[in-house]
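In what follows, subunit A forms one complex with subunit B and a second complex with subunit C.
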Partner chain A sequence: MTALTIPTAAGLAEPALASQRVFRQALEAMARPGTVVGTEIVLAPPAPLSRAAGALILTLADFETLVWFDRAAQSAADYVRFHTGAPLAAQTADAAFAIVADSTNLPPLTAFALGTDEYPDRSTSLIVEVESIAGTGPLMLSGPGILGRRPLGVHGLAPDFWHQWRTNHRAFPRGVDVFLTAGARFVALPRTTTVET
Partner chain B sequence: MNASSPLQVAPAAGTTEGYNFGYLDEQTKRMIRRALLKAVAIPGYQVPFGSREMPLPYGWGTGGIQVTASVIGPADVLKVIDQGADDTTNAVSIRKFFNRVAGVRTTEKTSAATIIQTRHRVPETPLAENQILVYQVPIPEPLRWLEAREAETRRMHALAEYGAMRVNLYEEVARYGRIAKGYDYPVEVNGRYIMSPSPIPKFDNPKLDNNPALQLFGAGRERRIYAIPPYTKVKSLDFEDYPFTVERWAQACALCGATDSFLDEVIVDDQGARVFVCSDTDYCEDRRKQGFRGAAPDALAATASGAS
Partner chain C sequence: MSDRQTKRAPTALADRQAWLGTLARAPAAALAEAWAGLNPKPGYRCVRGPETGLIMVRGRAGGTGQRFNVGEATVTRCTVALDDGLTGTSYALGRDRERALYAALFDALLQDPARRTVIERDLLDPVRGALVAKESATARKAAATRVDFFTVAREGSE
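On to the complex of A and B.
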């Protein structure tokens, strides 16, 4: 497969194709939690943003979505703002998207927007960078989108993350949804997913 | 996405040059895509979205078209069905629309499609994991017949306050000896939200349960998107003493002999003679190709098609 380099003057056609492809993978990931997908999108976001995290935020954010960056991800904020037009969220609770580059210092999940009982969709989608993701491992996922149970391995999350995740899951229909990203790979955890550690 | 976006794609061989992407502008697609992701994360919950005006009257399924347009890509194969048939004016027009604005391939075969946009039926052929079923929804709110005020139905969903609806259904049972509602029969998704399955016959309701495919619902006029993820529990509302049942026919399909499909009654001559045939034309044709025959395999020769 050869990478197509498009001059910026080429217009919208190729970004449209790329974002369709990334969105479709994000939809697949969200619909089948724990499925590890790899993006083939050609993208070189500034450190510490991974290719997967860059592709997701460029596909989903725009001037209508506030994006919050943790301290470690600040260096990528200008890049994301330039390409999406997304305003910065001053508070985690205001964010439609949150980019967390230092997953060991992840703010409590309850600090983000959890939506309301009437509008549980008004909640933050987190993009959390981790060291690695694998379709095998000690975690056992179940819930909508999963036939039986699905294994998952994740390295680089704070030890109490899964405890927090249980609390998040129990708050359904309120709660955050999470993309875990590592290099070109990502996996989604919608709030419906139960994770046994 | 502005023109200088660094998002690039390594194209698959054969990608059409100058591919024109799916009618909706990128901003509208992003808004719908965000709503779709939340819809999948909250099964059965209606996510509001800002619908854009489409060059079609609402009855045409603008909600379904907007969902399809936000999801579809060059690798997809699109099938469109209307009342089970691929050859109605509606279905043909929508297929042409996407062929024109997105250049995608289209099919009438359920098994060959990656995206199936539907009005009023779920295909008889079981769906697979690589498929997305997009429903056109006229009235997304399953509690609307009970409560006209949006703020009130939203509150009822928020609190899972569905008692009044169950009482109402039960009264119907008491009156008719059964639940009279034959279409758009409400379901409970993943043990939480009550959801309208769109005006499919309740015959199709069991297909929503634990389906390997992703099911997306778009309501254009009311600007709502909702979803059922794959392998999700979907239960048709019922009562212990009146369990949910689906329509049954005394006859088999006159063309293919199927006894497991939803049948339409069709008048076949000017004498008013009637036969029952599969509503799902692809399913019926497929069975006939496999050699199955009904009692009157040529019944529709004069009318040329199984479409009612």
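On to the complex of A and C.
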């Protein structure tokens, strides 16, 4: 374990209440894929973490979950380790959570833990920073939790992401789940969601 | 910041461990008084806490045996960041949040060489003195009730 530099940025104020609120929002987002959720949590995580990404990882990670940071997110690693006690994952495949700050250099989704047919929950949940998210746009989502189809607009993802997403979706019950974050807003893409581009 | 932490010499680490121990044992009143006496007071922000929780205290039988859980202890911890970027951390037994906050603040201030001498003189030295006096008083009381066991040899009979 590498030495930790104590961050100067504060974590969640009133951690119990704030994390319960964020957890509830994360559940809502996962239950209704493609719904853009705005968090009202007051938080100033260090760059490059957005407010939504910071709130999610501080809520979800604890001392038992390995967290992987991409190169661009390394500068926020100590912040997350200090406030959650989470250990660092050496490899993407070990991670329970992954923070991807540079979404154009996202590792292949299959490089992360996909779980097994017996334990599909032993997979990585990704938190991917993007430029913007909107409840309207060219993407059409369908699947469990969506009545009919739901539109979504995302800017700042690698062009082949949606191709990879199709593969990820087909691997069900294995696969990764993704939170896309931008500023104070986030949207969830569970592995069950079909995305038409 | 990171340079200051990674390049700290071993003696500096030992120094910090020593003052952290003193701050953890210092009475709340002494810390509050020392903080009140600071002029000017630095700006600061709480990075974590002060928050109260439980820690598992572990020990080794005779100091060398297998590790075992002694029991849980209530501790309050706090981490602060001063406006100049120094961070300070404290852990103290009990639930006194204010005391943990002051201890963390003084930990941060003591890392600033320009302030250390004054704090050593006004806060740490008196507290250390009081702690030593208290310990020796306890030791004296304990010593007064000490029983020396010896065996009376049976007188030889012919």
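Note that in this section the second predicted complex is superposed on the first by the 184 of 197 C-alpha atoms of A that agree within 3 Å, B and C clash if a C-alpha of one lies under 4 Å from a C-alpha of the other, contacts with A are read in each partner's own complex, and residues count from 1 in each chain.
One rule holds in what follows: a residue touches a chain if its C-beta (ideal position, glycine included) is under 8 Å from a C-beta of that chain, and two chains touch if they have at least 3 such contacts.
Just so we're clear, the structure is a prediction, and the values are computed from it rather than from any experiment.
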Partner chain(s) touched by A:26 [first = subunit B, second = subunit C, both, neither]: first
Which of subunit B and subunit C A:83 touches, first, second, both or neither: both
Residue contacts on subunit A - larger count, subunit B or subunit C: B
Touching both subunit C and subunit B, counted on subunit A across the two superposed complexes: 3, 5-6, 8-11, 15, 83
Footprint of subunit B on subunit A - complex, ascending: 1-6, 8-24, 26-27, 30-32, 40-45, 55, 58-62, 64-65, 83-85, 96, 116-121, 123, 125, 144-147, 172-173, 177, 190-192
Of subunit B, residues touching subunit A in the complex: 1-12, 15, 18-22, 26-27, 29-31, 33-43, 45, 47-48, 70-74, 129, 154-155, 157-159, 190, 192-193, 212, 214, 227, 229-233
Subunit A to subunit C touching residues, read off their complex: 3, 5-11, 15, 82-83
Residue ranges of subunit C touching subunit A (in the complex, touch as defined): 1-2, 5-6, 45-48, 51, 79, 81, 85, 87, 89
